[in-house]
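Just so it is clear, A, B and C label the chains in written order, and each chain counts residues from 1 on its own.
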């Protein structure tokens, strides 16, 4: 007994004393490897930083962030906040950022609507419609986005007639090679009441939907569609009449070279928006189609056998479940759309990249600071969008009991 | 312990690779065997490529003259086409050795951008081009117009100043490249196309119907255009500067590409110094003493390159105007070689 | 029971005809017109087709001008101006690549097609040899043919660090002796370093020998490639500035995909690694590249990178763009590969470990072959994306197909009313053929994979 024990301890001792490689310990090996990698990365970073510092110093290139307070001196074609040539680069930064957010915000809303419509159309029983939707997806997805932006800008909007030969659409809307001119609403005294009435109507409609949901949970059917519509439209309409029609429209008029007055949508904006929306919609349509197909047929069949028709089945049974599959890839399409909006540079829409990493960079010559900020801003937009979509996704996630 | 030694070794390796000696630009160019020259993306007369990728123009001839002075071979140039917006970044980062791309000399470019303007190859001013059927005769009638311009230029700033100071309204439409701007103007996106008058004359040739357009008489700015180098290398700055001056001095002295060989026998001491017969001026620049002969033989004097590219012997047919020699009532004036 | 019901049918109703009567035509007609909404949708579809397809056909074929050498051939023609395309075809395909040397890109195209086609057909023989030729030999051969080779390498590691210059500028067959002696010496030196490191870490003799051999093998492989591009084969050099058109599109896309695949795999493995620092670095790298627009990357690579390098070190402009594109698409590739890795059941890892396989052998022999097979469609889709994204090089003044198209629009000699549409139609057809072909191929693979699983 004790002999065996001493035997064992002898073997163990021999093992301990034998010459062992440090590399045999996986933990030590991992630490070594990571330390090595960290040193290489840090060394590389340091070398790059050192090169930049030396190069900037020897070439007397200005550095720092002081330029934000300096007068920009250039004009910007589309400004959502007051901006003049005497404004600072800091303000130009904000103007550009807002232009990017405008085109991506509107783009995301429109592309979602279009993408869902086409995705559902692809699954339509109507063979012609589903083929047409399929052809749309294939054509649009297989052409480069920049190609499509240039196509819309040069070949479609660029060949519109001049201001004097504008295409006139009833209601004071004009279409020409300077863009679309729309009547601009002017809000007189009392407009506030309309807004309040509208918000109140929306609040009522929301409460109605809560009530309807509880009724539905109790197994009763309620049709709230028309009432909701009435609640949203009627109060502001009534307020509009009672306040003596305070909203008037400023119509665009041809004076001299251009239309003046009214709202103007730049052709650059329009081309970028149309291209982004149609391009991204093709991808969203595929995501929606895959999402719907991922829901077992039994779900729809069960709904049919309960007596639901196709449209309510899709709306109430299939889509809510499909959304769980749809939302994650949808998020990355939203991010793509936002990043792709930087292609505005190719047609001169004054988006963030064009105003800041283009004009401002050229005037100040501080490439490193500006490209770093530009990348950081796009990263931040990406992170915020993903975060928002993650919250939405978590709300959709299956509540497992 | 051992790991620590390795870490030190690796860091030492990196410091060796970064602690380099700042090599002079001229030596680098001689070592790599060609000059990297930043030019425009295509402005006829100044710098434009043909279908085969061969570059010609006034700005291109400056590059060729520098290459001739260094290598005795004007073809040892590689051209980097740059938009107005990207040109300074490319020069600052040493992507190119010299920027010869109708660039206006301004204070901020000379200082905070870390650049040095070597001289003026073309005295220009900004103008406006409109369609004839707009019936506009003066820039002061342009209120309310849409104005096409190229971003990253002094033009973009001048036009803002012009309209702002006169309280005239305008819509700016700024594009990244000259071709985009011209195309947009031609398709009717704007009423007015504004840039330097020389460039307006050149771009007019690219319009579908050049005769339907006029350049308005007003000149709204001073635009001295010239080659630019980075700060931090005085020798290279001198080489580019004096290549330019050599061409202007040669015109003044009547030395051309055709008579340069005979002129080496000229008794005129100024010509002798220009052509390296007397003195060691080339060596002082880091070149060979016959640098003047090389430039003139391969490229020509200032008058020749002007006439050939933008002047009387070219499609542009621009009058020399301000660009005449000082002795003939113009502004071109080069310091003496001595 | 029955008494509770309000109504009980006592007689059967007459049976109804089947919902869709027999006959193919009838089926189609009913399929399109079965209710007011569907009739409306059908009419809408027909309207759209009539609005788009008919004018397009008229433009492309019926009203088009087909022959001619200058813009006069297209005067008064309301359809496509094909002579414009014929005149510019050389530029669209090769950019300003010297005309006399265009057989070289042609040869590269042909070789690529010849090697790629059997690689895509799953039943074709000699897969390994074929893949080796395509992924290892073809890039080098293509590089030599397109650029002309003869790189004139002058300094390697020792030359830069210690001014190793024993042979001066002596050359043999276009090779600088100082470079190649430097290269050999560096190889030996690093191998010795590896041996010393192994001894210091008390590695086993076998592992130490393996480390030394690995260093020498890497040097030998890289050396063979460098030798191929450094040899003076008598081909006239063509600088990348004069490349353009479809050639650049293909070069950027193909290099991007070939370079991004191994990099993407490494990043995906790094992201799933158990070592925190490696995981963190991989995540930062991937999320950074996925979060920024490609044009900022291209701008940085084209105009700013030299600021970050020591003075005098210059890297070819196109090469820098290629590196930017490769890093960018590697991040996307990493996410595709990660999807595949996640789909492999834990049991596979555990079984491999139970067999005593180490990390790398587990990955290379068990996990990656399965994971990559799953994500091949994803990889092809990534490639389509990359192919389309190559158009962005236009923004940094490299003229790919779209860039050449845009440049051609600026030519006043062809400033006709229909050249614009003709150009877009031509480029559109080319892009569509490439991308659609690839997406069909991915679809085919997906179907086949699904069939195998069933």
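Definition applied: a residue touches a chain if its C-beta (ideal position, glycine included) is under 8 Å from a C-beta of that chain, and two chains touch if they have at least 3 such contacts.
Keep in mind that this is a model prediction, so the values were computed, not measured.
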item: Result of counting contacting C-beta pairs for B-C and A-C, higher pair; value: A-C
item: Chain located farthest away, centre of chain A as origin (C-alpha); value: B
item: Chain whose averaged C-alpha position falls nearest the assembly-wide average; value: C
item: Distance between the centres, which are taken as Cα means, of chain B and chain A, whole angstrom; value: 42
item: Rounded Å distance between chain A and chain C, as computed from the means of their C-alpha atoms; value: 26
item: For chain B paired with chain C, centre-to-centre distance based on mean C-alpha positions, whole Å; value: 38
item: Multi-chain contact sites of chain B, meaning residues that touch two or more partners; value: 6, 13, 17-18, 22, 86, 89, 92-94, 176, 183
item: Touching two or more other chains - residue numbers and ranges from chain A; value: 51, 55-56, 154, 158-159, 345-346, 367
item: Multi-partner residues of chain C (at least 2 other chains); value: 201, 299, 303-304, 307, 310-311, 395, 406, 409
item: Contact set on chain C toward chain B in their complex; value: 91, 95-96, 98-99, 160-161, 197, 200-201, 239, 241-242, 299, 302-307, 310-312, 314, 317, 395-397, 406-407, 409-410, 412, 415
item: Chain A - residues contacting chain B, complex; value: 32, 35-36, 39-40, 43-44, 46-47, 50-51, 54-56, 58-62, 73-77, 84-86, 154, 158-159, 162, 177-178, 255-258, 260, 267-268, 345-348, 350, 354, 358-359, 361-365, 367
item: Residues of chain C touching chain A in the complex; value: 28, 31-32, 34, 38, 41-42, 44-46, 48-49, 201-204, 207, 274-278, 281, 288, 290-296, 299-300, 303-304, 307-311, 384, 387-392, 394-395, 402, 406, 409, 420-421, 424, 427-428, 431-432, 435-436, 439
item: Interfacial residue positions of chain A with respect to chain C in the complex; value: 19-23, 30, 33-34, 37-38, 41, 48, 51-52, 55-56, 124-129, 132, 138-139, 141-147, 150-151, 154-155, 158-159, 335, 339-340, 342-343, 345-346, 353, 357, 367-368, 371, 374-375, 378-379, 382-383
item: Chain B residues touching chain A - in the complex, by the definition given at the top; value: 3, 6-7, 10-11, 13-14, 17-18, 22, 84-89, 92-94, 108-109, 112-115, 134, 142-146, 151-152, 156-157, 159-161, 164, 170-176, 180, 183-184, 187-189, 191, 230-232
